[in-house]
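Note that subunit A is present in both complexes that follow, paired respectively with subunit B and with subunit C.
Presenting the complex of A and B:
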């Protein structure tokens, strides 16, 4: 039955001539497809639109009203609509209708139709981003509308190089995607690659940015994210200026930035607002906390079960006193603790804020203390797990901090088998893996692997902006001037 | 099979340092002490100088065959049959070295950290690391090595804590040369073993962007210089810390002196040192197995991936047999076979090349831009 209908539809699509009947059939005579006849002085027009997608007020004032008063037959000059285009094909007409355009045709006239933009917008007001908070940065976040997001990005990136490429993805339901880059500052190779990869997406429908991410990232079997998602226009703009590319998906407040390297996930807009040595310090803290979160549980297991002689003697006594009541091996002990913290974390995400405080006290404090007193875990284990989760919360990027959770368990297992050497073996495996990752052909673990000390200045460190006279290697086209601080030489006083 | 020139002289520096510094590091002061006594560092210096000469010869040999590894140009020099036999022997030599590293690493780890862990599990872990680490392009390997070089420096920094120890006595070094020139010279045959790894240059020179230019040699020379200094430092610091009697009985003097040091946060520095030393050993293993698999894939015409698996399996089986049968054959003969394969064969090849005017066929010659 379905097949049959599809076939009849198909034959109609193939009819190139634009006709109202045809379109109605294509859209299954949906109830919100409206048709209106309007009589102007000389002509009668038929106007076709989808009621739910059209802004009534715009429609009345900008299309209907001028149309009734029209003196000449010159539609493109007399109407006030934002965009007017002509079409002769059924397919573009239908796509237009689905985007919120109205189709205007002369009754009994030519087979040419006009597409007039009068779409209703669902935009919410621009608000402060929820996930990526800053202290001093801009309080503007991306919204769910593609046009508005492009506007937000363009407003903070005023440049003639700002280039937008539009794509329509999905074969059964369509989604609009915009690729944005600064022409002279971005490696054309990267733009070409992104272009090719987006064009090769043949998904039936795009649900979220995740679908695009799955299709275009270099490596799928890895805990490390290779595309940066941000909801901040200032961050996106800064990355564009660094020679990266932004992908905006209609209906998503998260913008994809690529190519992203490992260190990209440790940068925040605040780094560039605070003075440079503070910014460098915070970045260093973030990297350090990443390493701590990765290694600390494993180190605890290794120290307690293999090398207790490594820790100072007094500490051994105090650890021993609470460990002696715990019937499990350190690895099992930490696993129990880590898993219960994972539960807490997962549960707290979707709780309303009023309950969350109570939950934090009950979940964190009561359960934690009770577990120690009941002899299920030791104080040492509790401290380690708590510190680990605090350290993982330091990460500015959620996906990056999730990679710690994934890698932490195997490391703990290795540590429980081989002690500290096991950790070294595990870390080596992670390093080997990282050294092979690429993001759009660019080495993922970039300033470290391959080792390039010169690129440390905007990755681990955040040197003053006048010192970044050369951009990182993924954007070789752009130079900043050291001249910005030349006044210092002019103003400085001599010794006399 | 012509390879693409991809690596710069800086990369060559990293790869050479990582290939050479490895398993011998811990016991080196003990070995030099056997013959040269407190003058072990002089014999390291002499060996280092000697290695510079050999590296020069290897470079002279390799620059005649740009973008060709040993496994290819040996056939050009010696003819197809003899060349293939030489390649086979060289691959066996590389694999033997990996077996040796496997056994020494397992043995050391068992004695210092994991007395209860069965040896085969440690060998299995090494096997897995070998497979995982070596199935890659040379680019990946080199970029990894460049980062792991930082851990070499970390090892270097850990030894600074030793200066806290009150038993440090500089007088153990004096009088310089008291053990006699002949003993010092004789000791070089022991120290030579610590330097093996430079023969992988026979393969890596082929990957250089400009193997003919002097900058390639500069990278290799600075690496050998770094290694000589590093090893000399290790020997000197052990000599200064331990009395000659103690040195005779301690097999791993470096760990021994570190275990005596106690800083507030970490009581046993030697265990930390030992774990990071593991990284240095793994890089040596990866470098050797990468070179060996290049040879194997050349010899049997199989893919690099399968060559690595073949090499890894061979090494795993052989080292398990040698480990459990407690065969010390490799350790005894290592000196001699490494001398043959790292020194005599390259020099012989060079002489044959010069005398019989062997050169890479013109089709192999890269077109200059």
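Presenting the complex of A and C:
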């Protein structure tokens, strides 16, 4: 009810015309909205700003001081502010004020106002990424400021093709979003699609990248992420060069990369820094660990409750000896263990690092062994769950690794009901689902379905960079990079 | 579309009820068989003797493993009935799926052994790679002995048979491969022949038991004879080591490893079916103290000596086979494939009577030098 009255009160006033009173009313006479009168030689100016958003020092030195000493009326020449723009619209002025601009108007003058940038920022220093660590890669991570993030990205992607499109999202509280792509490298269809989808977001407010992700992804009912979140400028830049698009949200250190395919989540900057066969090996390990994490718990359940005849004889006896003390069925046993590991994992995220180490020892070691000794789980179950969670940590992307954990439970259930055939059916369903997924119209399970063996070069394998394509294959500038090793031919023909 | 979706969802909920946990066999509830043997006891009843193995990982001192064997027996007029008797007597489900060795008592072996194996073939979970062996006594006795004496030795019997196969001492036969011998005519087989050595108090492989038409003939070949026969069959494994005594007085012997075998078989029908087998062995001398094998004449004389000895040995071997009418070489099969007209004339239970084998062996020494 109150909301309605407020709105009606505002709507009485003509919103279009720029006037101090008007703005004050629209901002509800908030206490930190300050008004100051400044007398220069010829004119009296009124300056309006939101105290909490304005950097006082900048404000004094770059706006107030030059203003008082101003000799002619040419504001845009005399002031040292970073950005100066003029506006006649009330709405633009309010948005500017909310972004940390000061509104400067001549007293009794025209209805034109100047927006002067003097915003305070809480920028932290650029630091090493916390989640996506690398061994040899750059130690630079995105920060919470949009401008700085664009700067970081531009700094590693020097190209005239680098294009930024700005959007302001949210109807009650606004958030700035930048869409970045390399013009000649990127499929214009994708840019158009992203543009349309972002424009269609009518959320009241944007809390995080998750909100954007929810609104623009192709499929919502799936455990697989279709957008890649990264906090590394080098990774984002490499993806831009591959013809992908980046979305940067103000206030978020995670940058959205799209369209992402399944294999995109298995790439890390380290792959390209180490030599190619090592990079390929690590990628293979990652893929292998993904499969292990998905199937191992289900296989264990199937083994001990249906098909123990396939376990080697010696192992049968040792598994049996510790299983015989467990009162639960294998599925329940593994569920208990998996859930307690999930608890540990969830709890350790919020703990300060110093406590987390102790917690890890107490939680992991003590609880694990005590559970076995108390006969709640068997040694086999403990090993399987521990291996599974280690394997799921190998996945470089957090969302992808969570997807395996989520998929693991239904597979376990299927295995406990149907045995091996259950696992086969379950994995088949996952594969069918993967093949049907798209990310911005691009097939998600791409080099496999539809099969494109040539693209294995940079998905399962990481071939030497001179064997890769310079441009996406369908681009008109397509050319192979094999020229990079032409020196070998030159040298052998040379004078030596 | 909507209807189809509801049907699918319904199907998903019905499926667990159909397949359900009925088929579930929990590992913790089973008693896995480690070894089983089959005997014929009085009144035509079968007796199964099995070792059930238990492993206890001690709770207090972690990692300490103690193994205990439990010997169970059960009688019944069929194999299945006997195993049901055992099932009743043990806690948990008696499960023969993991038995890697099946021992046939001599009485069972002398009858049609398929009577015992039938029940195993009908169980889809039985290990088809299980080895089969025959004993000179009852299987019960051997297993009782093993359960007392070889507790800690792991898969003692399996390893024993397996290593003999690797050394070409016995034919490589498993539960799966024996079936073709049982059902195809014109081919017999041999199984490892176990006996308890009284002096050493150990179970040993004495040789290869000869079979004729699914039943044990009562005769067995010594390991050396069996290796030799395997060479004739071309079924030796990588290691086929033989030793011949060349000179009785000076006690000179030569040991050699057969590297390669080529066999030429000619079958022709006269009064009887004559099978001329020419066996060429490429051998590598592994033990020959007089040495001087770098001289061509030494090699030549050794080759001719060995060829002579082996041809003689082959004659006695095939006489032994003919006595028992055990066609381990599979000459009948050869006739079926290449001389069906001959086979039509002689086929029947005792077709091997009509076949005369003339073996000839030629030895080529390929490598005799000492290597550094």
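The rule is simple: the second predicted complex is superposed on the first by the 467 of 496 C-alpha atoms of A that agree within 3 Å, B and C clash if a C-alpha of one lies under 4 Å from a C-alpha of the other, contacts with A are read in each partner's own complex, and residues count from 1 in each chain.
Heads up, the rule we're going with is that a residue touches a chain if its C-beta (ideal position, glycine included) is under 8 Å from a C-beta of that chain, and two chains touch if they have at least 3 such contacts.
Owing to the predicted nature of the structure, the values given are computational and were not obtained by experimental measurement.
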First (subunit B), second (subunit C), both or neither touched by A:373: second
Which superposed partner A:435 touches (first subunit B, second subunit C, both, neither): first
Contacts of A:423 with subunit B and subunit C, given as first, second, both or neither: first
First (subunit B), second (subunit C), both or neither touched by A:449: first
Touched partner set for A:304, first subunit B, second subunit C, both or neither: second
First (subunit B), second (subunit C), both or neither touched by A:322: second
Which of subunit B and subunit C A:330 touches, first, second, both or neither: second
Touching partner for A:313 - first (subunit B), second (subunit C), both, neither: both
First, second, both or neither for A:383, with subunit B first and subunit C second: neither
Set intersection of subunit A contacts, subunit C complex versus subunit B complex: 306, 309, 313, 417-419
Complex interface listing, subunit A residues touching subunit B: 306-307, 309-313, 417-421, 423-425, 428-429, 431-432, 435-436, 443, 445, 448-451
Subunit C partner contacts - residues on subunit A that touch it in the complex: 303-306, 308-309, 313-314, 316-324, 326, 329-330, 373, 379, 416-419
Residues of subunit B that touch subunit A when the two form their complex: 11, 14, 109, 113-114, 117, 121-122, 125, 129, 132-133, 136, 140, 142-144, 146-150, 264-268, 271-272, 274-276, 278-279, 282
Residues of subunit C that touch subunit A when the two form their complex: 16, 19-21, 23-28, 30, 32, 34, 53-57, 59, 65, 67, 97-98, 100, 125, 127, 154-155
